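Per-chain residue numbering starts at 1, and chain names A, B, C, D, E and F are given in the order in which the chains are listed.
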Amino acid sequence: MTGVAQSHRKLLTVITESNLERDIVREIETLGVGGYTISDARGRGDQGLRASHWGHSSNIRLEIVCDTPLAERVLARLREKYYEHYAIVMWVVDVEVLRPDKFR
Amino acid sequence: MTGVAQSHRKLLTVITESNLERDIVREIETLGVGGYTISDARGRGDQGLRASHWGHSSNIRLEIVCDTPLAERVLARLREKYYEHYAIVMWVVDVEVLRPDKFR
Amino acid sequence: MTGVAQSHRKLLTVITESNLERDIVREIETLGVGGYTISDARGRGDQGLRASHWGHSSNIRLEIVCDTPLAERVLARLREKYYEHYAIVMWVVDVEVLRPDKFR
Amino acid sequence: MSLDPVVLFFALGLAAGVLKADLRLPPAIYEFVSTLLLLSIGMKGGIELARQPAEGLAGDLMLTLLLGILLTFLAFFILRGIGRLDRSNAAAVAAHYGSVSIGTFAVGVAYLGSAGIGYEPTMPLLLVLLEIPAIVLGILLARGLQAGSPWGEIAREVLLGRSVLLLLGGLFIGWAAGAEGLQPMAPLFFDLFKGILAVFLLEMGLIAADHLGGFRRYGLFMGAFALLIPPTFAMIGLGFAMLMGLSLGGAILFATLAASASYIAAPAAMRSAVPEANPALSLTAALAITFPFNILLGIPLYRQAAEWLWVR
Amino acid sequence: MSLDPVVLFFALGLAAGVLKADLRLPPAIYEFVSTLLLLSIGMKGGIELARQPAEGLAGDLMLTLLLGILLTFLAFFILRGIGRLDRSNAAAVAAHYGSVSIGTFAVGVAYLGSAGIGYEPTMPLLLVLLEIPAIVLGILLARGLQAGSPWGEIAREVLLGRSVLLLLGGLFIGWAAGAEGLQPMAPLFFDLFKGILAVFLLEMGLIAADHLGGFRRYGLFMGAFALLIPPTFAMIGLGFAMLMGLSLGGAILFATLAASASYIAAPAAMRSAVPEANPALSLTAALAITFPFNILLGIPLYRQAAEWLWVR
Amino acid sequence: MSLDPVVLFFALGLAAGVLKADLRLPPAIYEFVSTLLLLSIGMKGGIELARQPAEGLAGDLMLTLLLGILLTFLAFFILRGIGRLDRSNAAAVAAHYGSVSIGTFAVGVAYLGSAGIGYEPTMPLLLVLLEIPAIVLGILLARGLQAGSPWGEIAREVLLGRSVLLLLGGLFIGWAAGAEGLQPMAPLFFDLFKGILAVFLLEMGLIAADHLGGFRRYGLFMGAFALLIPPTFAMIGLGFAMLMGLSLGGAILFATLAASASYIAAPAAMRSAVPEANPALSLTAALAITFPFNILLGIPLYRQAAEWLWVR
């Protein structure tokens, strides 16, 4: 991966229930996440179809670009807190960023 | 790519016409895709601007995390069925996931 | 990264203020970008929370798949024009694509 | 031959669209507004139906189906013969023009309302029936009777489409509950009808403006087609209306239906069943020319023609 | 025991949903429509309250709280004892049935309006009060008085929930401005009420249809529970209404509240406080069985029972 | 000096916002509601205009432009001189206060309606004219007459902005169709006006609450500025209203316009033309202080002042 930009970071993507938004945002901010992006989504997974136009069963798509240690902490925390009872899926990608200072 | 998470998978992203949603979902489920995420999008490509607020010409953004063979099957099938006549674009990224069992 | 698809490109993701959409699209089209995808988003960063349901403070999420030189030109141009005064964040990922001709 | 003020909203939307000004309403509002219009139209019909049961309905339905088939064939042969369009595109465009536009029908209903002219309560039913054969025929003309055609899926899409279901649902509710039962809902569904139609037309003006540009691309023939087919089909519609013995108001609405081109059901069906046809071609014609022509000039024109024939 | 025509819209939505037809309105419209309903109901109550101040309110409020607690316990023990549900699921379902459904209440209000039966202006207040204890109790039954429970957060969610706030806000506005002050707003909030309710019920029909499928999964007991609890709870509600000395209309509404099951506040609270409970179980029962039962059969039934008891 | 009940909805929104309760309506509804308000206001003006053609309009327009320039300069020098703001921020805030708020104007219209006071039909035209010079001047004050300024783009944004176009479009439709022609649309555009305004104000209360927090950051001077400028500008507006020979109602509305601060057109224009200015600074002042002040206290106050001057 030769860089068009200067620094390497992790992009953590989380798909989960929209009703968790408030809670999850509070959680990741406590862990030190300073920047994130959220958009609305629908989908299917082990918990079945989550495509209702209704609050009860729609998803959000949360993206966090940060360094590896923080990504690991966030992954661990979300897994521990939500994996058992909620619809949630996470994946991680390597990204290059322009201004590393903006992403811890 | 050293892992914050344990396993490697492919993330296939498809941008296409919203009116294909029902059809494409049926198609990928037939191929064995058990999980996917969809959000609404707009954009421009070879088929021109697709940014109308109207059903006729808006896009969806479909994401599937799965193993390489399944990604290849999905790519091949969508290419064969939709490339000729529909607005569609696809790309693939390497991702790390926490629980490989959730992604075939 | 062994290829399920044939060619390598860069995926540039830009998160920025929705009111810049018109302006940024004009800018990247001038630079030669032929295809892009936009969706609506909210989030937090150095400029604070941008989650109002109101036009003033919501975000867009812009994705461009293109070759490395074009990605570099777009990055440089957006940085120069918007970094100082606007809420904006960008990152780059390596992607594989099926039909390289669709992405410059 | 005066215009109904509601079309001024269409003009405002068109002007804003041409100036690239952002008057666009969110899609959610467009859907809300069109849902209310469809339910209103259906309910009005249903209430009348409960009052004065339709006679000779079977014959009218047959003739309506026949008209749908006739118009689609006619459009197809003109497009192939004179326009030299390839088979798929000719079939797709023909399906649009053989089918109907509910927005145009709503303007017709408002127009008759202002003019104080009554019409048959079965019109929403005829509308639904005129929407369908053109779409089926369009697909047949494009693909023949191949095995591979997803007929089941297409039937679902057409018969259970939003507009068909809301119209028929409204018709049923109006019929079952009657004028008195629906009295408490009248403020939303009947009193607001024309205001809601105004909002709808503002939006249609913006959408039409989006498609105006398409014209330079598709040239003179398509422009002439989109402009001349409506009055021609309207006259054929008047002929059928005579055969069916419709009232003056019914005849005007029936001609309006024949003259109108679908921009919701047909495009969706053609996109999935005839993907090789260029969707922009049909939409440009239907939205940017035929729709404005019908609501601005057509409807008053068809009224004059009908009056000339009916009140002789 | 005649149906109000507004439920025909529910039937249309249900039919469309079962046919998998896409009549769904965008979520934005659903929120708009429910906001208007909540404000209307609150404002109506507030206007009456300003006119005839409530007497003996404190006693009514106490009894309402008591009823909420009683119904939740009753549901819980039936679910545990007869249904053999595990503790979390029993508690979650009990919270839904001890609490109330505002949509059901709105249909009750429309029903009384058509029938020309008045009711106490304090009903919206009792509604709010009946919404709350079941949720708190549901959490307690599931988790006990553990230290870890996020009570602060839960209190916030329930007390500052959209529906509670809009109802109380409307009540306050109606009380402060009075009928005369709100006169210019009557066209939106009062004249459109029933039309808006029709749109809301159309949507509810579609949502109910989505959950119908759940039933094969949860079996006979849950079906019977969702069908038998409403009339049972309604009778208990009538008993309390008698104790409180409510009017005929007030008693019918109070019974309707007792019979109804929450599908907005309770699901949200249970999801965050009792995550191990299966949310589909409660929602299926409340939305796909209890809600339709109440608006189609229940309300006229509770009216008959109340008339029998009140007009003796 | 009594409040109009419609502001109770603003208070409800504000309270909910401060309590961080989620009463927010989807953006689609906000746009729908504001579109209806803008069209209504324009149409009302247009209908009156058709009835009694405006005399001496040219003079009024000139004076309105002049007022816009005067207010912007005044605000700028106060912000620079007393507030010690840097040039860009002073210019941006000045543009907001030299321009107008349509929401405030709508409350003024409703207020006069309740009070039974008439006003000149040209007010929507003056509104549009007062919106523009402040924005242009604000950019000039920030950047000087540099070559690089995207004037074309800015002119587009301001002149073809949603609110300008809807107001002028409504004005034109009202003028062209007249009261009689618009009669069938009155239920939506006129009867619902105040209810729709109530929904709009509920939302504005929530938005204002979002910006309340900004105040601790920007300190005492900005608070005082946002509170004292409105009555000051209102008095200057009354002076101009006298020069223009406006009626009592016209003068109250004109003062209200002068007192109001833009929170839609100006923020958008400043963000793109003066990006170095802090957008939160102007918005906080305009939304969290000036808007509430004007609708809660200002309008009744300006009325008293106007009555004192006009009815002497």
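Heads up, the rule we're going with is that a residue touches a chain if its C-beta (ideal position, glycine included) is under 8 Å from a C-beta of that chain, and two chains touch if they have at least 3 such contacts.
Here the structure is a predicted model, which is why all the values come from computation and not from measurement.
Novice: Would you mind naming the chains that touch chain A and likewise touch chain D?
Specialist: For chain A paired with chain D, the chains in contact with each are B, E, in label order.
Novice: Using C-alpha centroids, which chain lies at the maximum separation from chain D?
Specialist: Between chain D and the rest, the longest centre separation is with A.
Novice: For chain B, which other chain has the most distant CA centre?
Specialist: F
Novice: Express in whole angstrom the distance between the two chain centres, defined as the mean CA positions of chain A and chain C.
Specialist: 19
Novice: With centres defined as the mean C-alpha position, give me the chain B-chain F separation in Å.
Specialist: 46
Novice: Quick check: how many Å separate the C-alpha centres of chain E and chain F?
Specialist: Computed value for the inter-centroid distance: 41 Å.
Novice: Which parts of chain A, given as residue numbers and ranges, touch two or more other chains?
Specialist: 39-40, 93-94, in rising order.
Novice: So which bits of chain E are touching at least two other chains?
Specialist: 26-29, 32, 187, 192
Novice: Write out all the pairs of touching chains, ordered by chain label.
Specialist: A-B, A-C, A-E, B-C, B-D, C-F, D-E, D-F, E-F
Novice: For the complex, give me every residue of chain A touching chain C.
Specialist: Touch residues, chain A against chain C: 1, 4-5, 9, 11, 25, 34-40, 65, 93-99, 102.
Novice: Touching chain C in the complex: which residues of chain F?
Specialist: Touching chain C: residues 24, 26-27, 30, 207, 210, 267-268, 271-272, 275-276, 279-280, 283 of chain F.
Novice: Which residues of chain D touch chain F in their complex?
Specialist: 5-6, 8-9, 12, 15-16, 19-23, 25-29, 32, 110, 113-114, 187, 191-196, 198-199
Novice: For chain B, which residues count as touching chain C in their complex?
Specialist: 10, 15, 39-46, 51, 59, 61, 68, 71-72, 75, 79, 83, 89-94
Novice: Name, in rising order, each residue of chain A that touches chain E in their complex.
Specialist: 17, 19, 23, 48, 52-56, 84-86
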